[in-house]
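Both of the next two complexes hold chain A, though its partner changes from chain B to chain C.
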Partner chain A sequence: MFDWPTLVESLPLLAKSLLVTLESSLAGLGIGFVIGVLVCSLRLSLHPLWRRLGGAYIFVFRGIPLLVQLLFIYYFLPRIGLPNVSPLAAAITGLSLAAGAYIAEILRGGFLAIPEGQLEAAHMLGLSPLDVLVRIQVPQAVRLTLPALINEMILLIKASSLISVVGLAELTRTAQNIAASNYLFLQTYLVLALFYCLINIPLACAGGLLERRLKRRLA
Partner chain B sequence: MIFDPTLITERLGDISNGLLVTLETWFAGVAMGAAIGLLIAVLQVFGGAWLRALLRLYIELIRATPFLVQLFLLYYGGPSFGLELEATTAGILGLGIYGSVYFAEIFRTGFESIPKGQLEAADCLGITRLQCIWRIQLPQMLVLILPALVNLVTILCKETAVLSIITIPELTMVMTGIGSETFAFVETLLVLCVAYLVLIELSSRLGLFLERRVGRFLQRQST
Partner chain C sequence: MTVTKTHRPALALRGVGKRFGSNQVLHNIDLEVQSSEVVCLIGPSGSGKSTLLRSMAFLEEYDDGEVFIEGQLLGWEPGLPRKRTSRAHLNKVRSTIGMVFQQFNLWPHMSVLGNVTEALIRVRRIASGEARQRGLAMLEKVGLAHKADAYPAQLSGGQQQRVAIARALAMEPHIMLFDEPTSALDPELVGEVLHVMKQLAADGMTMVVVTHEMGFAAQVADTVVFLDQGQIVARGSPQKLFHMTQHPRLQQFLQNYLDRNAFWQDMKEEATA
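Right, the complex of A and B next:
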């Protein structure tokens, strides 16, 4: 069933494109995290208008399929006068915007778990709202939601396969190209699946481990 | 950006066909995923160690790979082992397989939430295992897992957009097709976004209604 020489030949190409996959999903996670913190603090703010705005962001970016968001961004950016946006930039923009909505929902639980007294105390001590957010709320929320954030990373790595439609040569797109040239579809896509497993299964294990540790500490 | 509504109204026939395909693959995928998922969960709870390990492997493999890659394997890789499917059939099968592992995890937590004492009591009363699942465990756990189920069903609705990549003529494929014919990409995609938001909102509203409906006995108990 397997044609080993061509399989081995395709490995370096796939390994190289794996870096593009990791790069774009890591960038998506990082920028998405910043967006997530902002949207989450909007959602938890006291002013109803801000809360609405945060809610609307989550509704829109979680409600629309990522593929459609990516296509939209890819075609929309040239319309608003950014004609030379690279596929990588479009892809990272799309991933981050969507990740922001999911991360905001993840962090909300973490933010709400922080005792009110801490925030009052910080306010009394004269810390600015930004300081409270960055130094008190975010570190604790991250620690509480780390398993869910790792899960989000897995989701992002999987979602990054959709980037192939905007023409970026990440893992899936590269496998498609290889399969189109050697006609060994089953073999190539099995190797592709294996690549995703090699990244995602260890991540999932790490997430599970952290979750059990967190449970024990909270219990 | 000037929006020309005739772009949409002229092609309303195509668009509604696309919507029908989206709904069809979505419902069929959900039904299949739920059926396989329930089977997996039942086997996981009652099966032997080997079977459980095998199912665990299936779940981990499906969860670790992107839906798109699974579709490629099924649709383009299938013919290599004699599985030649039409695009729509492959899409539904793919969605069912992809959904099944998430359904299985939800059902499993549901089974685990039913107190053991009930099962022992049922066993003492001579109720068979299958009856026990069907009459005692399922009705109780469905109420508990309904929110998670509704969430999964909306996720699967969004995943149907990916089916356009393996040339299934669902809504995303139809709208991007119109976009590339008329070059009105942004407009058609905007309509597409709204369409999905409406679908998602409707299904989560329906879910909320169901949750309230089946949860009535819980409220009655607490008062």
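Right, the complex of A and C next:
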């Protein structure tokens, strides 16, 4: 039933697709984090207009399924005059926009937990709003919400299987193709599952480690 | 050519008023603080001491009147209707003020030295090596150079407040504002913070201190200002103010302190009897 030699032949292909998955989800996370910070500070701004803008962003990009967002970016945006986007660019854009909405909501709790006085002290010393955001608010918000952020990272890596819809040969789609040609369904999907675990388990461990280290310092 | 030194006050408030909604918290406050003067603000809880002090730093946007820092209008553009000055201008006027808060407000994710050097590096654009030197010198001043690499959570309250003072001093302010700097401290830690503040006063720092430490006010203040229900009811040198009998509210306020400390007297009398 198991035919390992045949499967080993397709491993390089799978490994290559692993890179596509990693590349797009890490880029999505990085850009999504920046979007998340900005949307979060919009949400918490004193201006009602900006607050509503932040709320609208989260409503849209958290409310619409990622799959639909990806299709929209890839197939519909070019129709309305935006230049052709490459599959990878579309995938990263979709993942970033969605991750941004979730990360903004996660960070909000962290932002709110920072005592106002810390920000007043920063303003009194002349720090700019950007400095306050980057040096005072974000580092603390990240520490305070680290478990949820790591959770979001893992969710995003798993959700990245959806980017095959714009024609990208990421991990899951490649495994499907391999299985369809070698008929080793069970075996191929076992290896696929293993690949996802190999990314996510170290991530979870690193996160746990970081969390413990930071806690010791802030306690 | 002769240089004429104008005797403008370090800090001047003219007719300052502040409302929260319909609650008028400050009424028509006039106050001048001269260079090197130490002013202590005292008064019952809710009388507006914090609001007044915070208005001097534009942490509260005062509604009426004007606050001048070394002759420059703070926070508002001249003229009416009121319009906030640019952030750059506010920061410029504010740059001569240092503020120390009741809750210290250190940044817990940065080391003690990091707290002190952050603004030197980000605002003053001083190279990190030199900022480190300056930061250590400031920490030395408050007796905490040996804690430079510790994190705030590893320090006692008194030590944290001394770091907060060093952080403010690093920016070389001309005026220091303190809002109940020892009220969040265990009694045995109050002394070390007051000691640093006395040192500052002796060095000629201009200071406005909201405090419940009547001993500090009596020893260090040039002027004590008594605030009640958002108004300055009495002001004067500590010797004068602590013996003003014509103000019943002030007498009542001071009596609380005498009552609280009365047991010392009783115990002393018992011991000698």
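Basically, the second predicted complex is superposed on the first by the 199 of 219 C-alpha atoms of A that agree within 3 Å, B and C clash if a C-alpha of one lies under 4 Å from a C-alpha of the other, contacts with A are read in each partner's own complex, and residues count from 1 in each chain.
By our rule, a residue touches a chain if its C-beta (ideal position, glycine included) is under 8 Å from a C-beta of that chain, and two chains touch if they have at least 3 such contacts.
Keep in mind it's a predicted model, so treat the numbers as computed, not measured.
Enquirer: So, on chain A, is it clash or fit between chain B and chain C?
Expert: On the shared chain A, the partners fit.
Enquirer: In the superposed arrangement, which partner chain does A:Q140 touch: chain B (first), chain C (second), both, or neither?
Expert: Touch status of A:Q140: second partner only.
Enquirer: In the overlaid three-chain picture, which partner chain does A:A204 touch, first (chain B) or second (chain C), both, or neither?
Expert: Only chain B is touched by A:A204; chain C is not.
Enquirer: Which touches a greater number of chain A residues, chain B or chain C?
Expert: Of chain B and chain C, more residues of chain A lie in contact with B.
Enquirer: Once the shared chain is lined up, is A:R79 touching chain B (first), chain C (second), both, or neither of them?
Expert: first
Enquirer: Once chain A of both complexes is superposed, is A:F59 in touch with chain B (first), chain C (second), both, or neither?
Expert: Only chain B is touched by A:F59; chain C is not.
Enquirer: Figure out whether A:A121 sits in contact with chain B (first) or chain C (second), or with both, or with neither.
Expert: second
Enquirer: Between the centres of chain B and chain C, viewed from chain A's Cα centre, what angle do you get? Round it to the nearest 10 degrees, please.
Expert: Vertex chain A, arms to chain B and chain C: 110 degrees.
Enquirer: Once the structures are superposed on A, label A:L186 by its partner contacts, choosing first (chain B), second (chain C), both or neither.
Expert: A:L186 sits against chain B, while chain C stays out of touch.
Enquirer: So, A:W50: does it touch chain B (first), chain C (second), both, or neither?
Expert: Touch partners of A:W50: none, neither chain B nor chain C.
Enquirer: Quick one: smallest Cα-Cα gap between chain B and chain C in the superposed arrangement, Å?
Expert: Comparing every C-alpha of chain B with every C-alpha of chain C, the smallest gap is 28 Å.
Enquirer: If I apply the document's touch criterion, which positions on chain A are contacted by chain B in one structure and by chain C in the other?
Expert: After superposing on chain A, no chain A residue contacts both chain B and chain C.
Enquirer: Quick check: in the complex, which residue numbers of chain A touch chain B?
Expert: Per the touch definition, chain A meets chain B at residues 1, 59-60, 63-69, 71-72, 75-76, 79, 154, 157-162, 164-165, 172, 175-176, 179, 185-187, 189-190, 192-193, 196-197, 200-201, 204.
Enquirer: Please name which positions on chain A make contact with chain C in the complex.
Expert: Checking each residue of chain A against chain C gives 115, 117-118, 120-129, 131, 135-136, 139-140, 143, 217-219.
Enquirer: Can you list the residues on chain B that touch chain A in the complex?
Expert: Against chain A, chain B makes touches at 1, 60-61, 63-70, 72-73, 76-81, 158-162, 164-165, 172, 176, 179, 185-186, 189-190, 192-193, 196-197, 200-201.
Enquirer: Could you pull out which chain C residues touch chain A in their complex?
Expert: Residue list for chain C touching chain A: 57, 59, 87, 91, 94-95, 97-99, 101, 103, 105-109, 118-119, 122-123, 151, 153, 164, 167-168, 171.
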